[in-house]
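Next up: some structures, all given as structure tokens.
Presented sequentially are two complexes of chain A, the first with chain B as partner and the second with chain C.
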Partner chain A sequence: MNAIHCENVTKRYPHFDLKDVDLTLPEGSVMGFVGPNGAGKSTTLRIIMGLVHQDAGRVTVLGHDMPAGQVAAKWNIGFVSEDMRLYGHRTIGFHLDFLRRIYPGWDDGYAAELLSRFELNPDQKVKGLSHGQRVKAALLTVFARKPKLLVFDEPTTGLDPVARKVILEEMMRVMEAEDRSILFSSHNTLDVEQISDHITFINQGSIVASDDKETFLDSWRRLRLVVGDRYRLPDMSGLIEVQRSGHQIVLTLAGYSDALQEKLTASGAAINEVQRLTLEEIFIASVESSRQPPHAAAAGSAPSMEGAAA
Partner chain B sequence: MNASTTAVETTPSVVRELVLKDLRIMKIPSICYWLAGIGSIVLALLWGDAAGTIAFILFISAIFGAGVHAAMQTITEERREQNLPFIMSLPITIADYTRAKMLANLLLVGGIWLTLSAASYVIFIGDVMPSGTIPLMTIILVAVLLAYVIILATTMVFQGIAPAITAIVAANLGNQAFIWWIASFHAVRSTVNGTEAVWNATYLTVLGAQIGAIVVLVGLVFYAQSRKTEFL
Partner chain C sequence: MSTQIILSQADSRPIYAQIMDEISRRVALGDWAPGYRLPSIRELAAELKVSVITVKRAYLELERAGVIVTRQGRGSFVSESMDVDDVRQEELERAMEQAVRLGEAMGLGHDDLAALLEQYTRNDRR
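== the complex of A and B ==
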């Protein structure tokens, strides 16, 4: 069963369009939703939460169609976004009391445990908290509900490394319950790489790539070749970027395999280095490739080296 | 589990908690406004005509202030302070949110308005004012309530500070113009100083129009909110 399933979701704004977004989060998994600022991450998450209604397409969350089924779905969703604030003039305890009365599954013991682990004082007013403490307080308010699905919109933005570590550790702890799922948007690929098992890249309102983390990391490579003067690359799929400087060529590939390496060798290229890419490099390459016009996006075809960027 | 049944069964409890939350947030300011209103009545009773104008202004300001404060604090501030994503992540729809806000505001301000209005009638028992003023006084009190509903409807539908301020200024000026306009009616001038309250057709028509306007405005809020496809 899928915790989230989006199919051809479209939302039009005067200066931005979310275009045919397909996204599937299997139950029990963590998806990192990565994109630059203004890519459409928050819009997608708000559509998933039923807070923004899509113009077209279908969204199902925990088996409920959104936005029509948002009340039933939201009983089991914990949502925290970067722009979400608790009531500044009220204490953390005020919020916990408020939520305890709403959620029958509210876990007081776990809330107390989190207060201690996050070093939060329930009698402290929210306006006196640091940014890190505010994020921790917001996360506490969703973790103690024990929701099946957690939707986080850049929760770690602006946090110091220590606070980030504590929060990411807590997210991983939450995932010990096997039926829990997390959709986690960020532009911090380090955080995403740490806790996600699925990754989706979004740019300019479109999904650029979506796969499980291991497949991403295993299939992307950067190859350094040494070639002759009149060398032409053979046709190959998954070619993302080509850079040439004299007799040296640097290829960025999605869908790398040993067969591809043999094909390049057979074409007359000497392979000097095969390098794995970090998630950040994969993300940047995916985004840059998606920004190029179709004829320049090399994936699926091999551009001539005579015109390739130096 | 039938999800839709759960939603229908449990949403009212969330709405109730949202209402109670707003009442808790507005508890102290509301008590202050209420005490100011009671103080104005005491002022009128103790010093009669000499303090009449000041007491009247204080009385109207207490009700009006309570209304403005409640609408700004519970609706506009909630958006400005970015509390709305927290609230809207709860198992509610825009319609539930609207219901909760309207209920909280109308209970709070309506309660203050009703109790202060009822208390204000002691000035007629104490012979501070002639009983002929009762219909005019009632219309003025309902006009204050209508002005508040205009402010509430505007803040609810537009949510921003600028529309709220515009509504506050317009409602305040409109109220004063209304009092001046209604006092110019012959049917009002001829009965206002009498020893008995006379509910003539003019009073009843104005009162009916005011109540009708309040009902229409509340209905329009729910209609406008139901048309929204985006709420953050």
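== the complex of A and C ==
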């Protein structure tokens, strides 16, 4: 079963379009949603939450069609975004008391545990909290409800490494249950690479790539070749970037395989090094290549090359 | 139960490979004996704070290598039929490979490395 399924979701704004977004989050897994500022991450999350209504396309969350089924779906979704505000003049404890009465799944023992793990004082008023404490308090109110689906918009932005670690720890603790799922957006590719089962890249309103993390990281490589004077690269798919200087060529590839390595060797290139890429490097290369026409991305290389993006 | 497995972000090996090596080492050292029950995939993912899919991949490849067996619905165990010496041999080969690579990076030739090995085995025999 899927926790989230989006099909051809489109939303038009005067200065921004979300175009044909397809996205699937299987139950029991974590999806990291990555994209530059203004790429459409928050809009997509809001459509999934039923807070923004799509112009076209289908959205199903925990078996409910959105936005029509949002009231029923929301009992089992915990959403935290930057613009979510707690009452400034009230204490953290006030919020916990309030939510305890609303949500039947509320777990008091777990809330108390989280207060101590997040180093929060329930008697402190929200207006006196630091940014990090405020984010942790907002996340706490959602974790303690134990919803089936957690949707976090930039949960770790602006937090120190220790606070980030505590939050990632709690997100992974949620994943001990097989029927709970998390979708979170982030600029921090390190956090995404660490805990996500699935990774989705969005840029300029379109999904650039979406795959399970292991397949994703495995298919990208950087190859350093040493070649002769008149060397021509063979045709290959998934070529993202070619940098040539003298007798050296550095290739960035999205479709790496052993067969490809053999093909390059057969073409007369000596492969000096095969490197894996971090998610950050993959992200930057995908965004840059999706911004340029394919041939510009492969500038300086043989004209026969196709510069397919992932 | 904590496995005390520690992963490194500065390590160039992918995370699933680091998990495989950590588990193989425990088996090679005899700390995880044949029949020992491993934490579930989701337990280990939560402990290490890494994705479920990454731990799943490490377990699958360890299964393929014959180090562990997974019994449906019961969990994963250190293989009973596995030859601990084989795992130790692999561990040794990995260490040798690393030593050679390090030596090469320092510009040491075959003879230098052989001399070093000689020196170390002599020290050990003392």
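Following the convention adopted for this analysis, the second predicted complex is superposed on the first by the 293 of 310 C-alpha atoms of A that agree within 3 Å, B and C clash if a C-alpha of one lies under 4 Å from a C-alpha of the other, contacts with A are read in each partner's own complex, and residues count from 1 in each chain.
Everything that follows uses one rule, which is that a residue touches a chain if its C-beta (ideal position, glycine included) is under 8 Å from a C-beta of that chain, and two chains touch if they have at least 3 such contacts.
Since we're looking at a predicted model, the values are computed, not measured.
Counting only touches as set out at the top, which of chain B and chain C does A:134 meet: first, second, both, neither?
neither
Using the touch definition from the top, say if A:29 reaches chain B (first), chain C (second), both or neither.
The answer is second: A:29 touches chain C but not chain B.
Quick one: is A:81 in contact with chain B, with chain C, with both, or with neither? Answer first, second, both or neither.
first
Based on the superposed arrangement, let me know which partner A:98 touches: chain B (first), chain C (second), both, or neither?
After superposition on chain A, A:98 lies in contact with chain B alone.
With the two complexes superposed on chain A, say which partner A:195 touches: chain B (first), chain C (second), both, or neither.
second
Just to be sure I read the superposition right, which of the two partners does A:173 touch: chain B = first, chain C = second, or both, or neither?
second
Between chain B and chain C, which one contacts more residues of chain A in the superposed model?
B
Should A:165 be classified as contacting the first partner (chain B), the second (chain C), both, or neither?
In the superposition, A:165 touches chain C alone.
Check whether A:41 is in contact with chain B, with chain C, with both or with neither, and answer first, second, both or neither.
Neither partner.
For A:217, is the partner it touches chain B (first), chain C (second), both, or none of the two (neither)?
After superposition on chain A, A:217 lies in contact with chain C alone.
Do any residues of chain A touch both chain B and chain C, and if so, which are they?
none
What does chain B use to touch chain A in their complex?
3-4, 6-7, 10-11, 13-14, 17, 21, 24-25, 81-83, 85-86, 88-93, 96, 229-232
What does chain C use to touch chain A in their complex?
Interface residues on the chain C side: 9, 12, 14-16, 42-43, 45-46, 49-54, 57.
Which positions of chain A touch chain B when the two form their complex?
46, 49-53, 63-64, 67, 69-75, 77-81, 83-90, 94, 98, 101-102, 138, 141-142
Note which residues of chain A are touching chain C in the complex, please.
Chain A residues touching chain C: 28-30, 165, 168-169, 172-173, 175-178, 190, 194-198, 212-214, 217, 276.
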